[in-house]
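Going in written order, the chains are labelled A, B, C, D and E, and every chain counts its residues from 1.
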Amino acid sequence: MLLGRVTGTVVASQKEPLMDGLTFLVVRQLGVDNSETGSYVVAVDSVGAGVGEVVMYASGSSARQTTVTRDRPCDAVIMAIVDTWEIDGETVYEK
Amino acid sequence: MLLGRVTGTVVASQKEPLMDGLTFLVVRQLGVDNSETGSYVVAVDSVGAGVGEVVMYASGSSARQTTVTRDRPCDAVIMAIVDTWEIDGETVYEK
Amino acid sequence: MLLGRVTGTVVASQKEPLMDGLTFLVVRQLGVDNSETGSYVVAVDSVGAGVGEVVMYASGSSARQTTVTRDRPCDAVIMAIVDTWEIDGETVYEK
Amino acid sequence: MLLGRVTGTVVASQKEPLMDGLTFLVVRQLGVDNSETGSYVVAVDSVGAGVGEVVMYASGSSARQTTVTRDRPCDAVIMAIVDTWEIDGETVYEK
Amino acid sequence: MLLGRVTGTVVASQKEPLMDGLTFLVVRQLGVDNSETGSYVVAVDSVGAGVGEVVMYASGSSARQTTVTRDRPCDAVIMAIVDTWEIDGETVYEK
C-alpha cells in the first residue's frame, strides 16, 4: 500500500456499468516524510474518505478485494483512513 | 485508475483472435493539472470514447473486468469518459 | 498495451518446462512518436512476429490470456502486429 | 521480492473490515548495497518483523498468498526476515 | 520477462512457511546491450541457476506459475537460463 492525501474528485457519467455508484477520488501520493511525491492515482473509495484526508490505498488486483470493488475494472482502492504514522520512533503525521 | 486524453488509434489486422473486434486507442496520461505527463498506453475502449476525449483507464488484471475484455490478453481498458474533475475545490477540467 | 519494435531473440535451452516451444523476442518499447524509449521487454510471441516488426504487447497476468501462454510463467506477450497508428489525425507509422 | 528496512508503523482505525487486526509497517526499499533507494511501501507483516529489521517483501497479487493476507485488499506483504545477503561472494548485510 | 545476471544470494530463516526450501537469488537487471541497469530483484530459482549466470525472470502473478512457486507469496521467478541473445542480427551475449 502507499500513503496519499485525497485532493479531489472525478465525475464520469458515461462509464462501464460495473462502476456505477462508486466514488472516484484523486489521491496524491505521499512520501514517508508526508511530502507530496508528484504522483497520483484515481482510487475508488471503500471507507468514506473525504477531500483532505490522509489515506492508504492498494493497487492492482488487490484493489478488487473489497465489497464495493469486487470483480470491477478498478485498479486502485482507498482501504484505510490513516490516524497516524511513525518513522524511526517519531510521529510524522497525526490526524 | 489514471486520467488520460485519447489522442490516436492503432490498427492491427494480424492479432490474437481473442482481440478481434476490439478498438485500440492511444491514451496520453494526464497529470492532475490536466497537463500531459509524457507517458501513454494503448487501451481497449469499453465505453465508446473518441479521439480528443478525456477518460479514465484501468491497468493490469483489472483491465479484464469488463464485458468486452474478459479473459483476453488486454492490460489496459478505458472504463469511463470524464465529465469533470476538481482539485482542492477548483475545477481543473470540464468536458 | 504498449507499442514496440522486435529487435532480437533470446535462446534458453535450460528453462521451466512450461516454456518449452515458445519463442522469446526482445521488444524495444516505442513512444507514440515511433522513437525508442530505452525500455525493453522479452515477450513470448503469439502472432508470428519477426525481427523488425512493430507490435503491441500485453504485460502482467494479461500476458497469460493467449493459447500459447495460458498458465505459464510468462509476463509479456506479443498479441498483435501493428499495421498503422495515428496521433492527432496524422499517421505516425505504417507497415 | 525486494529488500527493505522496516522504519515505521501506520495506525488506521477506520478501514476496510478485511484489514482488521493486521499490522502495517513502513518499509524503505534497500539497494543491493544496503543503501536506501528513496522508495517505500506500507506492507502487512506476516512474520513478526519489527522496526529496524531488514526484510523481504512481495508485491501485487503475490502479497495475498499468505494466511494473514489471503483475499484481502493488500498489495504488499513482508514474507521473510533477512539473516544475510551476499553479492559477488561478499557479505553485504548480516543480521 | 527481463534479462538479468545472478549476483548473489539471500538467506532468511524466519519466513512465511510457504517459502520454506526455496532459493532466493539476487538478480541484477541487464539492458539489451548486456550492461547493468541499476535495478535488481530477489527472485526464486526454478531452474538451478547459479551466481554469475545470465537468466530470464518473470514478475508478478506470472512468477507463481511454476511448480516450486505455485500459490506462494513470490513475485519474481527465474524461469530460464539464457544461452544467447541477439539484437539486430548481432550476438550480444553467449554463455
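The working rule: contacts are C-beta pairs under 8 Å (C-beta built on N, C-alpha and C of every residue); 3 or more make two chains touch, one makes a residue touch a chain.
This structure is a prediction, so every number in the text was calculated from the model and none was measured.
J.: Going only between touching chains, how few steps reach chain D from chain A?
T.: Each step joins two touching chains, and the minimum needed here is 1.
J.: From the mean C-alpha coordinate of chain B to that of chain D, what's the distance rounded to whole Å?
T.: Result: the chain centres lie 32 Å from each other.
J.: Taking each chain's centre as its mean C-alpha position, how far apart are chain C and chain E in Å?
T.: The mean C-alpha positions of chain C and chain E differ by 20 Å.
J.: Which residues does chain B have that touch at least 2 chains other than itself?
T.: In chain B, 60-61, 63-64 touch at least two other chains.
J.: Name the chains in ring order, counting from chain A in the direction that reaches chain D next.
T.: Sequence of chains in the ring starting at chain A, next chain D: A, D, E, C, B.
J.: What does chain A use to touch chain D in their complex?
T.: On the chain A side, the touching residues are 1-3, 31-32, 46-48, 56, 58-66, 69, 77, 79-89, 92.
J.: Which of the residues in chain E come into contact with chain D in the complex?
T.: Going by the criterion above, the answer is residues 7-16, 18-19, 24, 26, 28, 40-43, 51, 60-61, 63-64, 71-76.
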